[in-house]
Amino acid sequence: MKKKDAFETKTPGYTLPQLMVTAAAREVFDHETVFVGMRLPLLGFLLAKSTHAPHAVGVYELGVVRDTVSPEPILTMGDLPNLSGASWLADTIDMMGLLQKGLVDVSFIGGAQVDRFGNLNTSYIGGFRSPRTRLPGSGGACDLASLAKRHIIVMTHEKRRFKEKVDYITSPGYGEGPGWRERVGLPRGGPCAVITTLGILRFDPDSKEMILVSVHPGVSAETVQSHTGWPLKTARNLAQTPPPTREELTVIRRFDPGGYWTGT
Amino acid sequence: MKKKDAFETKTPGYTLPQLMVTAAAREVFDHETVFVGMRLPLLGFLLAKSTHAPHAVGVYELGVVRDTVSPEPILTMGDLPNLSGASWLADTIDMMGLLQKGLVDVSFIGGAQVDRFGNLNTSYIGGFRSPRTRLPGSGGACDLASLAKRHIIVMTHEKRRFKEKVDYITSPGYGEGPGWRERVGLPRGGPCAVITTLGILRFDPDSKEMILVSVHPGVSAETVQSHTGWPLKTARNLAQTPPPTREELTVIRRFDPGGYWTGT
Amino acid sequence: MDFTKRLSLSEAVSRFVQDGDSVAMGCAQETLIPFAAGHEMIRRQKKNLTLIGPISDILFDQLVGAGCVAEIRAAWIGNVITGSAYHFRRAVEEKTLRIKDHSNLTLAMALKAGAMGVPFMPTSTALGSDLYRTNPDLKTVSCPFSGVPVTAVAALTPDVAVVHVQRADIFGNSHVWGNLGVTREACLASRHVILTAEEIVDTKVITGDPNRVVVPGFRVSAVVHAPWGGHPSPVPGYYNRDHQAFIDYRNCSKTPEGFRAWRKEWVDPVDDGRTYAEILGKARRESLAIKHRRPSVPVDYGY
Amino acid sequence: MDFTKRLSLSEAVSRFVQDGDSVAMGCAQETLIPFAAGHEMIRRQKKNLTLIGPISDILFDQLVGAGCVAEIRAAWIGNVITGSAYHFRRAVEEKTLRIKDHSNLTLAMALKAGAMGVPFMPTSTALGSDLYRTNPDLKTVSCPFSGVPVTAVAALTPDVAVVHVQRADIFGNSHVWGNLGVTREACLASRHVILTAEEIVDTKVITGDPNRVVVPGFRVSAVVHAPWGGHPSPVPGYYNRDHQAFIDYRNCSKTPEGFRAWRKEWVDPVDDGRTYAEILGKARRESLAIKHRRPSVPVDYGY
């Protein structure tokens, strides 16, 4: 079973989604509590657990906490192997309580539109009064963006998605810039990284603006700029995203044997 | 095992606590949801379930719902026979949710002090700043008095307990009279009856004041008045509390075989 | 409780789901989705429903496609492993469907408020977000103790919660296990609860383990025996998730013709007396069956 | 989780209960009261504790009697089957003990707020009552949607919750069954959780039935093997309530001498190396044992 609309771009030896999953996994430190989102982050967490973060604990919004990898590959968090042998099966509100109390270190969110301050839109393209496109909505994304200590955004890098201003803030980033989160009353957090199909961006601690810190192999800073809807700042020491190691690829293929999420 | 401070007063063929338990049981209608309090009401509920209210459902604040009588006698709601075969074992907050939603028809509360509007004190005798006696406190009583559709008070009838004004309102009755509950925002309810060691009192629908409606066998209205700290109104058709039937006594003795709560 | 609440699926939906009702479904998110009951609503052509649920893994889209829905209050409506829900998307774009946008947490708190019988619940989520612009049930208030701003979420009290469970007795007592999502809150918040159950069991099985009960029997209006009633979502203890069915639905639901074909294959035959298990077929049932059994260690409720 | 959290009772109490701490105990109300842990606090002469719990069936009175307590935040402090708690009563009357008066619902909501990480919770109880006069953590606010008044209860976040459970592994994963009171809320609200367990079991027993877990292992600081650690309160699956012990304590606790004698019989001998089971004696243990076993029917978490 292969996901039809999976990214088709290929790089020798690994796929782009495999690179992105690897980058996501590297954002998790050992012993952290991770609120695992849908899709690629599922694999990112499994990869981190299987490599450098064996003590990480995974929290899933549907009511699952587990500190072991699932005994079989899963396509989604509700698959029974992800429930079997869990540490805790409970209510969404219990998971959200951990988050709201500030006990979740890092979380992952996908986005359809993002702006320079990391505000995310997964609800309405073209304004909510007469939307051109209705997207699925927040799910837990707004909660993760509001309440995790930090969150990582994973998304496709296109000019129509990286916009000066998003059409709708589903999941708050740094709002209008420094001090905004404090002003509206968000208790902590903010986006920490954006892992895209072209590179990795982080946020300036002072201006809260997105900065390109790493480009994927074969991608130039200019290419990234040309796919971004505002003048993008670039880190002085721009890095190249390290490709997945052989071990990382082995783990990804073990958990996504059909390549549904990451291709083959 | 016999409770040392159980009521010692005796009437031929049955004890006073047995009469009170019977009166309490008769306040429960079939198919009602009953929030069962500590002590005598435990037996009252078991008696009602075993006689005229077989479909009553019992809710216990520690997190138990059961629609059958316990398989063995219990002294208190936490005894394991009261948990075994329950319909639901859950959280206090779940029980309180039923109550707060208005799904509890009737509840029972014990009191140390009561006033003419049915306000109850189980916290401080002599004012809370320099209490002469500190009592155990609310437990769930304040919640039952605030939120059940109606509640029944069960207590000893003495002048020092039936006071013009209670020293502290642990569990609100009709406050200062008509319209008070609505004014403070209580969503429903109010005391429906007071079952005492001398008789049964109810509340005037208009004035919300306590009225003596029934005296126990051998007790006169004058005796009740002399044990009450305000000029007590008496119903035109003052009744005599019907004694327990043989069947009722059999059931009470089955559930309180040692007479711990009701004597022998 | 000594009168039965057992009804056929058709009776239960006719009696307890009225046109215009608000209906909570899919409360455990990706698992235990009550597809059988949803499909019955399609067959009975329910109208103007307000659907309530955290995320909807294609069930809400199916009801929108069948013309049953006037409003949705949810956090996410799509197809978890493929993305968009096409009927939902079209209906919003064509303005034939009203939406109140929630997050998973605001929806959980709205149902918790309904379950607890309080008019609202506070949360720290969604502050500064545009959910406030598309959901009048969110307002910012200050904590009366600390002064910090919080989002107040108005209570939701659905007319009916439809919940798929593993086992129930005929009186409404039931066991659910696995992740629970907002199942507990939805059941306790709703006026009526319809349970569809994989198995009907003796009352003693249920009262023999009362900690597994998420809603007491006296709050339940109907119990329906519906084997495979959660398919294609996974049901712990009974069957795995049927990924292919979600992918197939994605493809079918892109066009009205595709949707009609899907409906003709999966929904309508039940009216001709075929069981869902028959429609599914033996080979597929076996492919979804539990291969690795993991029974729990019993606990003792003796005295 | 691959490091053990198993400690002796003494180590656990020394490490995670500091003088001046706020300690939630007796969270399941009449059942599963952590008497063993409370007695250890007496033996270690803990000072200035703030005790938090819905009702306390004599445990809080014992700690007050031993001079460990500065403040209590609770709904009811007494002896369920006999009435007053004499040390508690004297201490309040002599003004050596501060009280914040709760009802069971306001206390549950305070801990729920702490568990959920919100600064307060709304409830409709206690409006018009004098609990407001003896508890500054209650304030009346208006619902921002309906305008109706509700009681706002400030969040409680205890330093430590001490919970007696039936079975736990050495990593903090545990199973609790029976009525739960505010156990869930107290564990999730507290900075530390100490579990005392009737049995230490393999992790697989716990993760083999994750719906029975009320607090995830990573939130637990210490696991103590404490057989009979809930006595004289009842522990589902293990032993019945020892009514006589509650009656005896009532009689002893009327005077300081009586209390000293009680302490000398039940609390102090553990420091001389006697186990609580030994103190209790075989005959009494047998009289409290479960006579009618009622094992639950397993459920399957396979895939």
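So that you can tell them apart, the chains are marked A, B, C and D in the order they are listed, and the count of residues begins at 1 in each.
One rule holds in what follows: a residue touches a chain if its C-beta (ideal position, glycine included) is under 8 Å from a C-beta of that chain, and two chains touch if they have at least 3 such contacts.
Model, not experiment: these values are computed from the prediction.
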Exercise for review: Determine the shortest chain-contact distance, in steps, between chain C and chain D.
Suggested key: 1
Revision key, fill the gap. Comparing A-D with B-D, the busier interface by C-beta pairs is B-D
Study note, to complete from the structure: Greatest centre-to-centre gap (Cα means) from chain B is with chain A
**Study point:** Averaged-CA centre spacing for the pair chain B and chain A, given as whole angstrom
**Key:** 57
Review point. When the C-alpha atoms of chain B and chain D are each averaged to a single point, how far apart are the two points in Å?
Key: 27
Exercise for review: Go ahead and note the Å separation of the Cα centroids belonging to chain B and chain C.
Suggested key: 40
Check your understanding: Which chain A residues reach two or more other chains?
Key -> 71, 79-80, 83-85, 89-90, 93, 96, 99-100, 147, 187
Exercise for review: Name the residues of chain C that each touch 2 or more other chains.
Suggested key: 116-118, 123-124, 148, 150, 177-178, 180, 184, 208, 211, 236, 240, 290, 292, 294, 301-303
Review point. Classify the inter-chain contact topology: is it line, ring, star, complete, or other?
Key: other
**Study point:** Set of all touching chain pairs, with the criterion as stated earlier
**Key:** A-C, A-D, B-C, B-D, C-D
**Study point:** chain D contact footprint on chain C (complex, rising order)
**Key:** 116-124, 137, 139, 141, 143-146, 148, 150, 152, 154, 166, 175, 177-178, 180, 205, 208-209, 211-212, 236-237, 240, 290-303
Point to revise | Residues of chain A that touch chain D when the two form their complex | key: 33, 54-55, 57, 65, 67-68, 71-72, 79-81, 83-90, 93-94, 96-103, 147, 187
Review point. Within the complex, which stretch of chain A touches chain C?
Key: 1, 3, 5, 38, 60-64, 71, 75-80, 83-85, 89-93, 96, 99-100, 123-124, 128, 130-143, 146-147, 168-172, 175, 180-181, 184-187, 260
**Study point:** chain D residues within the chain A interface of the complex
**Key:** 1-2, 115-118, 173, 184, 188, 204, 206-208, 210-211, 213, 215-219, 301-303
**Study point:** Footprint of chain A on chain C - complex, ascending
**Key:** 28-31, 54-55, 57, 74-78, 80-85, 88-89, 92-93, 95, 101-106, 108-109, 112, 123-131, 133-134, 140, 148-150, 177-185, 233-234, 236, 240-241, 243-244, 247, 290, 292, 294
